[in-house]
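These are the structures, in structure tokens.
In what comes next, subunit A is part of two complexes: it sits with subunit B in the first one and with subunit C in the second one.
Now for the complex of A and B:
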């Protein structure tokens, strides 16, 4: 456990200083600020639009961090051969892999927290500019604590994306291919509900079966999207959040187990 | 106890995308290195040196055969507490400093607190990076990264050190520093196994060498056994050589080549003694600038074995 902790701390230290990371976080904050201007263009709905755009910016920028830095963790390390010196130390391969995963998820969560803080500051500022009547008319207060639920779901989603990125990079020697596969699965995973109902819209039973198999196999990223519910103050089914969190944790555990098994026998040519 | 032992170590790779075919990177390597030896693992590029080192570090897994370090299988993680490894052309993490990197590696070996700080500081001074210890590694030159690589290989005060092309990317001062470090390791009883295609390094450092070519061990043994170092002739540099004197040298069977400013490079056969060589220079009225015996070198031996290739062992 100590070794995993040491690797995680090192990954956090290295990746938190990555210039790409600062650019992505800065871009997210700018997007949130710009959402204020967009909100000005729409009558009445400005607060909801700002909330929605802010969460979308966090999700998108988090995805960039998870994919680009996540892929870099193993694929680039193999590509640049920096992994050689580490594996010659008293470090088991699974300790290195798990340490790297924890370190990157830690970096992601810290960045998500920074973005969430910026998000709440923007919302608080906008709230202070709204009239009493506008505030009363809004379905939820500007700094609604329920927004944090959406941020937590984004965090879980990103932890799953990171596990996926790590999984691809354990056997692909190309960082670009790993990034492409992760992005591809992320996009496919957004259409989980459509895959489930695929058999109802196609005539071929085989195609319907493939659609259903893919629904169960692919990570269902759409399940993490509760932006609409929190922005529009709609109720969330009881137990939905814990069920989704459980789904994410099981999927992550499966991906990490597969990654560890593949990584244990991999040749670093 | 053997520091390193391999038994029939073999590695095949599949090459080609559509019609993959096996490529023999290493074929039936049997090697023994005793504790305390400085062993040079020599061969041209692509001979199998790095493959052997990667197999010993378990970065790749053998197709056949076994390998042991300090009489323990190479897969034994606890054994790695006693070894150090410098990969060929190493790279590390861009956003950390040399001090942080070595601190991280030292922690992996269980060093803590003040002991860890002292170890890191001493090593950085030893490899000549004391002043740049807090600089991020992306600002380092290739030679500085090589020095960081060397420092991390020694962070645990190892009993066996594996160095893959340790002189690569270093300037003459850096090469001398690495030689000094290897000699210090030898003096304190550590085993050093280093790969190189630069034979001069092996001649100045090694007790024994192994020559690998085409994935096979072409020869191994002590330098004295492999290369008799017998005198094969004399190299002279003469100054103030006139046209008549040059003709006189040629008449006496000496191969003379003009190197400018009435200077000549003269080669005499091994049948001549050093006194005869000096007397020859005097007899033609030339000034003797330099006289050197021409000996067998490891390079001659290497060229003969790498080109002809039959397996031969001097052990």
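Now for the complex of A and C:
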């Protein structure tokens, strides 16, 4: 356990050295610049647009970090041949893998937490500039605590994307292929409803069955999207969040188990 | 020292090249303005396709389409073109609301834009109502959408349908919500609209509601409309007085001073924006001065 923690800490420090946390600065600059521009470009609902933009920026920045760093976590060690030096130490393969995963997810969560703080500060400022009528007309208050639920779901989604990226990188030595596969599954995972109802648009029952099987097997990334609900203060069904969180954790466990099994048998020559 | 000189030379080169790029762009712009006139194109017109393309960023893409719809409407409205085409306005609003079915402002302002009368506006009340009906399907609890449909009918002079929609608005669960109780004023409004037809009282109620809007331009427009209604009522009273003058002296008053001398007015009357009303010495009818910000008045007749 201690080894996993040390590897995770190393990954976090490596990410800081690689200027990953610069994304926070980029996020804050984008949000502040846009919050000024939005007032000039739109007619009302500035608050909704800034909320949408903040959540989308957090999700997109996290997605790029999760994919591009996630696929390099193992591949880079193999490329640089530093994997030999690491595994020569008392570090078992699964400890290295899990440490890497936890380190990157930790980086992502720190990133998200600071971005969420910047997000709330910008929203509080925007809220202070709005008229009473605009505040009354808004579907939710500027610094609505429910926005944190969306941030939490983004965090879980990113943890799943990281597990997916790590999974591909355990057996593929091509970063491009790993990135393509991760992004491909991320996109496919947004089409859950279409896959589920595939039988309604095809004549072949077999094709319909395959669509339905894919719906259950592929990671359902659409389930993590509650951005619209929190921004519009719409109700979220009881148990939805806990079930989705449970789904993410089980899927992550599945991917990490598969990654550990593949990585344990991988030949680095 | 050598390093500093190199760095300085580098910055200088960048500055010179930047100025070159900007200058060239300015020259290019002057020479090829006509050739570069952009035509508004909607690359993706299917809401179903766009919703899928947006992945989980549908709300953000909806915001972008909404901003585009506003810019498109504003750009077209302010253009000098003799015949203004708003062909893309409804498709843009349709895409916006397909991406985010809870985008209230896109339904409400979108319908307002679409139903604006020609020649300045699109004059497409049918599309405005279609957009609002989409909103009603997405959020049947909101009273604002049926109310807005009523408003579109009202603007078109279709008072019977307007009254029906105001009643429908009063029946929605949202109108009966504590703290809001919009049904309290929606029912009398429906009754007024149905009974009185073109009266300024109904208009006043409608525009007073718009005064509570969160959009400052809509509040400003409503405030101007309310002043116009005040002017309509004042003109009605003034025309009664000019008729009284004609009854007494056998001809309409040539100037306001004659009305003052006859004791019918204390001074020359001013409109709500402080401009003197114009008196027609031949017929005795009263109008706004054409330099008044309230000119021209809508066609409503006073109650």
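One rule holds in what follows: the second predicted complex is superposed on the first by the 254 of 269 C-alpha atoms of A that agree within 3 Å, B and C clash if a C-alpha of one lies under 4 Å from a C-alpha of the other, contacts with A are read in each partner's own complex, and residues count from 1 in each chain.
The rule is short, and it goes like this: a residue touches a chain if its C-beta (ideal position, glycine included) is under 8 Å from a C-beta of that chain, and two chains touch if they have at least 3 such contacts.
Every value quoted in this text rests on a predicted model; they were computed, and no experiment measured them.
Because the two structures share subunit A, they can be overlaid on it, and in that overlay subunit B and subunit C fit beside each other without clashing. Between subunit B and subunit C, it is C that contacts the larger number of residues in subunit A. Contacts of A:224 after superposition on the shared chain: subunit C is touched, whereas subunit B is not. On the chain A superposition, the C-alpha centres give an angle at subunit A of 140° between subunit B and subunit C, rounded to a multiple of 10. Of the two partner chains placed around the shared chain by superposition, subunit B is the only one that A:10 touches, whereas subunit C remains out of contact. By the document's definition of touching, of the two partners only subunit B reaches A:81; subunit C does not.
By the document's definition of touching, of the two partners only subunit C reaches A:139; subunit B does not. After overlaying the two complexes on the shared chain, residue contacts for A:92 are found with subunit B alone; subunit C is out of touch.
In the superposition on chain A, contact is made by A:187 with subunit C only, not with subunit B. Closest approach of subunit B to subunit C, taken over C-alpha atoms in the A-based superposition, is 19 Å. Once the two complexes are overlaid on chain A, none of the subunit A residues touched by subunit B in the first is touched by subunit C in the second.
Looking at the complex, you find that subunit A touches subunit B at residues 3, 6, 10, 13-15, 17-18, 80-82, 84-92, 265, 267-269. The part of subunit A that touches subunit C in the complex is made up of residues 38, 41-45, 48-49, 52-53, 55-56, 59-60, 131, 133-134, 136-139, 187, 190-191, 194, 221-222, 224-225, 227-228, 231-232, 234. On the subunit C side of its complex with subunit A, the touching residues are 52, 55-60, 62-63, 66-67, 70-71, 100, 102-105, 109, 212-217, 219. For subunit B in complex with subunit A, the residues that touch the partner chain are 13, 54, 57-61, 77-78, 80-81, 83-87, 89-96, 100, 104-105, 107-109, 136, 149, 152-153, 162.
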